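Naming follows writing order (A, B, C, D, E, F, G and H), and every chain is counted from residue 1.
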Amino acid sequence: MNAVCIVNGKDHSLEAGETVERLLARLGLEGGYALVERNGEPVERSEYREVELRDGDRIIVARPVAGG
Amino acid sequence: MPAEGDEVQDPLVIAEREFGSRLLVGTGKYDSFETMRDAVLASRCELVTVAVRRIDLDAGGEDITSFLPVNVLLLPNTSGAETAEEAIRVARLARAGGLPDWIKLEVIPDARYLLPDPVETLKAAAALVEDGFTVLPYVLPDPVLAAKLEEVGCATVMPLASPIGSGRGLKLRDSIRIVIEQANVPVVVDAGLGSPSHAAEAMEMGADAVLVNTAIARARDPVAMAHAFRLAVEAGREAFLAGVMGEGDAEASSPPVGVIPGA
Amino acid sequence: MPAEGDEVQDPLVIAEREFGSRLLVGTGKYDSFETMRDAVLASRCELVTVAVRRIDLDAGGEDITSFLPVNVLLLPNTSGAETAEEAIRVARLARAGGLPDWIKLEVIPDARYLLPDPVETLKAAAALVEDGFTVLPYVLPDPVLAAKLEEVGCATVMPLASPIGSGRGLKLRDSIRIVIEQANVPVVVDAGLGSPSHAAEAMEMGADAVLVNTAIARARDPVAMAHAFRLAVEAGREAFLAGVMGEGDAEASSPPVGVIPGA
Amino acid sequence: MNAVCIVNGKDHSLEAGETVERLLARLGLEGGYALVERNGEPVERSEYREVELRDGDRIIVARPVAGG
Amino acid sequence: MPAEGDEVQDPLVIAEREFGSRLLVGTGKYDSFETMRDAVLASRCELVTVAVRRIDLDAGGEDITSFLPVNVLLLPNTSGAETAEEAIRVARLARAGGLPDWIKLEVIPDARYLLPDPVETLKAAAALVEDGFTVLPYVLPDPVLAAKLEEVGCATVMPLASPIGSGRGLKLRDSIRIVIEQANVPVVVDAGLGSPSHAAEAMEMGADAVLVNTAIARARDPVAMAHAFRLAVEAGREAFLAGVMGEGDAEASSPPVGVIPGA
Amino acid sequence: MPAEGDEVQDPLVIAEREFGSRLLVGTGKYDSFETMRDAVLASRCELVTVAVRRIDLDAGGEDITSFLPVNVLLLPNTSGAETAEEAIRVARLARAGGLPDWIKLEVIPDARYLLPDPVETLKAAAALVEDGFTVLPYVLPDPVLAAKLEEVGCATVMPLASPIGSGRGLKLRDSIRIVIEQANVPVVVDAGLGSPSHAAEAMEMGADAVLVNTAIARARDPVAMAHAFRLAVEAGREAFLAGVMGEGDAEASSPPVGVIPGA
Amino acid sequence: MNAVCIVNGKDHSLEAGETVERLLARLGLEGGYALVERNGEPVERSEYREVELRDGDRIIVARPVAGG
Amino acid sequence: MNAVCIVNGKDHSLEAGETVERLLARLGLEGGYALVERNGEPVERSEYREVELRDGDRIIVARPVAGG
């Protein structure tokens, strides 16, 4: 059975060794500012390439939006 | 920021960074990103706020930052946070993901009037400064609170003129005047400015800058309104430096002597 | 007036004459004619008021008109007149001697507050219009009086914001708003505007133009202040055309959904 | 004895056939806007050259000055 | 009027007649004559306005005067008149038919804002005074006009605070202040007072009396509101006589010396 | 407190204690204790503030409490305290020595504008409530802070209208309105009320009570002014209960039909 | 044919020698303040008893009403 | 040598066994509200009669005064 993490409240089946960078690519979010929190802690952009996701991780993917 | 070699006169300086415009603009509430972009350009502002929100993975949607001029500094806000802890979380998320380490700090527990929490704001400000952020806190015009925020290292104070989005203008002008008088950091009047004359008045009082969102975004013609705010902020600043006359009694503009009928 | 071929957008039109600026400037109370000239230039105004006075034959003194740009229309006023008869006398003297047949009509019996006489002003206005003048009467913001002045053929109405020279701003804004709403001729808000934000507010309310004197002449730096007023009038006009948002309740600028802490 | 008129409240001895234009010249007011009233009636600028002053005329000479 | 032998302190004196109350009340807009009567009684006013209208012969209807206390002086108004001539006609009709020769003079050509005509009001005032009336003219707070009305023999001037029935309060306070300062007859602030605090403010400024109608008639509880206005008028008058402090800077109410922590 | 058996209608209830008057009076700044006493009596107030200070052993001086009516509850304040710790010290000293365990909590670090410290006030309030005091904290009209004070058990909130002793009135009315709307404890508007109309306005807005000191003590006639404030507070309260009309457009008080000239 | 006057815009058949007082009585307006204008001129209350109405008279009957 | 305490910043020679109550009496402060702090702690009014002052005590004697 595949490893699964939760991204913005929904299940996401992990590929083997899926990094944050790979996750964003799979979500179609390569460009621009994608902000990532893993289990309540922010992930540094410089580590997106290295950080691998694990089964059960709670991930938030956010970005800047219109606001005042 | 102005191009290299192009020296700005009377720049706004926040945390040792110079800005050529004293108008900050929010990006919320526009009908489209295109209109927002054109308004930002017309405003000539160099510091724009954005919110941070989860991406709706089903909806997709465009990236706001691709619509913003490159010379503009993004200022993420902590909107949505009701406690210090939540605000800190948003700020750290934004910075980790590559947004500037500047943060417009909003801690707002009250959904009705959107007024900030002074205690939680102060707590978050101290923690964020400690953590290396340049902190611009949104507060009621409370002079004692403003002094405390300065003391913990905030880069500005951002007192509200009247409730966010109300367009009611400088309803709290008496308090803002005291905040300005006592501040040692730039004072950015934020929230409630409904028209260019409100912005000009804030600048004439000695505010260092103003932040405007709804009044531009919700004008019939947001781009023209952005330009009007730009002119008004310049007018108000120039008037402040030129020395506004005080209020007084009636006094004739024409000379009392030599009148014709007096023959 | 703009150069030939250079079409002004949104000109001020009084008595079928176009002006590129909606700021009228008075020439009184400056420290020197040189400063006055520089302020007039900085203001970009195209219509400036002058008073008419007997020459002091012993004192000599310079001719103010030699300090005024050629593209500016001189608008003599009837200051010093306390009755319709006196005002008419001044206007006719000015025109006979070569000044324009435009007249800023002031009939002011009260030396303390410098408030105009509605009855004598109406009488003089009717006579002067009959005699071929373009009449711009200075009045309290009295909507019914304004309608009567329009009826006898005045080219504008010029309601005061607050007493001349007081710098108190739009103290009578409620009445001015009604005058503007009901007028079919340009409304020029005159007297009492103390700072650029006051001028911007008048323009945002829909005034067609403003006249400023003391607030510029008595600034620490009159030339900079003239420029500030120019910007503020442009800002206010542009905002009026762009549709100023109404006042309302608090409303967030950032979206309510997708907040991070709400995870 | 010379004819005399009153200019801005002071006696002014008239030359023979002194016109308004000549008066202004004698007062050093050739250039600029000199506005002239004779016996309570304005004198048209175009007539300064013709209008002759008479003994006893009350003359006001005015000009635009700084005013609001 | 107070009972014989009962001397009123600080009475309002209009045309040599003394009134024990400085509150004048209008009778319009009540749900019923009974409520109106009870409100008049609660207000303790001694001068009430009535309009004059044709009787609808088919409809019948009760006689308002039978609901008014006997010690109250009826003050007919000329409402409905748009010219001096029409106002004079109403005044003469009222007097001929047995109403007092006191008249609240209203000449109102504008149905939208209900603002008075200064020229026609002055003309009617002069004629009515000449004809033996005690004239109380309703006007904009125009100090020069007020002086003219005084000059032709009016018993009071009645400047409006803001448009009739608007409840907006002393929007024109700057002008009213000047009217009060310069008047030699009682100044009765009329129209636009929306709450007791507005009435108190007018009295504190030195108004001799106020006239209230809509704010009482349209309260949820008109009788209690009438009483509240009575108290407020007394409070404002007493404060005026007791000398209201001026506005100033902050100043502690507790002594600076001997503080405990300073030990 | 009213005499036994004499039931007060619409009493002010603070911490389950009833007061017959909604006017609180400060005892500072009077020329003499005799005048202060007479003013307190004229005001009919039942709750008066006093400060606590070291006795000057050389100077002697009279005991203020001997000049206060017995039915009046003394409310010691913590004036002089610049921190929570100092305020607590004063409160405990007052209570130990026999003064009531009610305390008007003031923590004021700023001698220029005398504005309170929100953070220290909240800290002191929590500690004093914990220690058994009935706490009435003096604060800026900050709705979020007010909610926190309520949460820690304060008996009222006392937002300032404008700086202490300034007499400038309800400069911060927009914020006070929100505090009143959201409060579940009585709101006592304190500081800056300069005249009875200011007090009436606060009450009309729904304040539960007001506290006045300088405006009475510094009137030309303090005793009459105390009485005027009493009437104004009653007027404002009664108007609040009777339902103040809203602001609106112009609307005639006399009927539109049946006008005479329309014949 | 009867004489007729116009009262508040409506025809009113006159009795012989009908006075203002009689008119008011016929209209049910004996008590209170009835104000009367005849042909644009006010009629004095003291003369209601004497003034007789004539054919063609334009009469206005008014009274005080609620007003501000 | 007598025991001495400091009252409102000034030396005060103590009698033997001088209580707070006695102190107030010696200061002429029997009536009214005299508030007493000893070494930074408030003294309860009910204990004025018992609490004895000691050498070196720092005493503050305060009272209610005019204030807003």
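One rule holds for everything that comes next: a residue touches a chain if its C-beta (ideal position, glycine included) is under 8 Å from a C-beta of that chain, and two chains touch if they have at least 3 such contacts.
Keep in mind the model is a prediction, meaning the values are calculated, not measured.
Q: Name, by label, each chain that touches both members of the pair chain E and chain G.
A: F
Q: From chain A, what is the lowest number of touch steps before chain F is reached?
A: Minimal hop count between chain A and chain F: 2.
Q: Does A-C or C-E have more contacting C-beta pairs?
A: C-E
Q: Can you work out the whole-Å distance between the CA centroids of chain C and chain H?
A: Between these chains, centre-to-centre, one finds 73 Å.
Q: How many angstrom lie between the CA centroids of chain B and chain C, rounded to a whole number?
A: 32
Q: Which whole number of Å gives the spacing of the CA centres of chain C and chain G?
A: Centres of chain C and chain G (C-alpha means) sit 56 Å apart.
Q: Provide the list of chain B residues touching at least two other chains, using ranges where the numbers run on.
A: If we look for residues of chain B contacting two or more partner chains, we find 26, 28-29, 49, 51-56, 77, 79, 89, 93, 112-113, 115, 163-165, 168, 213-214, 252-255, 258, 260, 263.
Q: Among all residues of chain H, which ones touch two or more of the remaining chains?
A: Only 37, 60, 62, 65-68 qualify.
Q: Okay, what are all the chain pairs that touch?
A: A-B, A-C, B-C, B-D, B-F, C-D, C-E, E-F, E-G, E-H, F-G, F-H
Q: Please give the residue numbers of chain A that touch chain B in the complex, ascending.
A: 7-8, 10, 27-29, 31-37, 40, 42-45, 60-68
Q: Can you list the chain B residues touching chain A in their complex?
A: Where chain B meets chain A, its residues are 26-30, 33, 36, 49-57, 60, 63-66, 74, 76-77, 79, 89, 92-99, 164-165, 211, 213-214.
Q: Provide the residue numbers of chain B that touch chain F in the complex, in ascending order.
A: Going through chain B, the ones touching chain F are 109-110, 112-113, 115-119, 122, 140, 142-145, 147-148, 162-163, 168, 171-175, 178, 182.
Q: For the complex, which residues does chain C have touching chain A?
A: 252-255, 258, 260, 263
Q: Applying the document's contact rule, which stretches of chain E touch chain F when the two form their complex?
A: Touch list, chain E to chain F: 26, 28-29, 49, 51-56, 77, 79-83, 86, 89-90, 93, 112-114, 163-169, 194-198, 200-201, 204, 213-215, 217-222, 224-225, 227-232, 234-236, 238-239, 241-255, 257-263.
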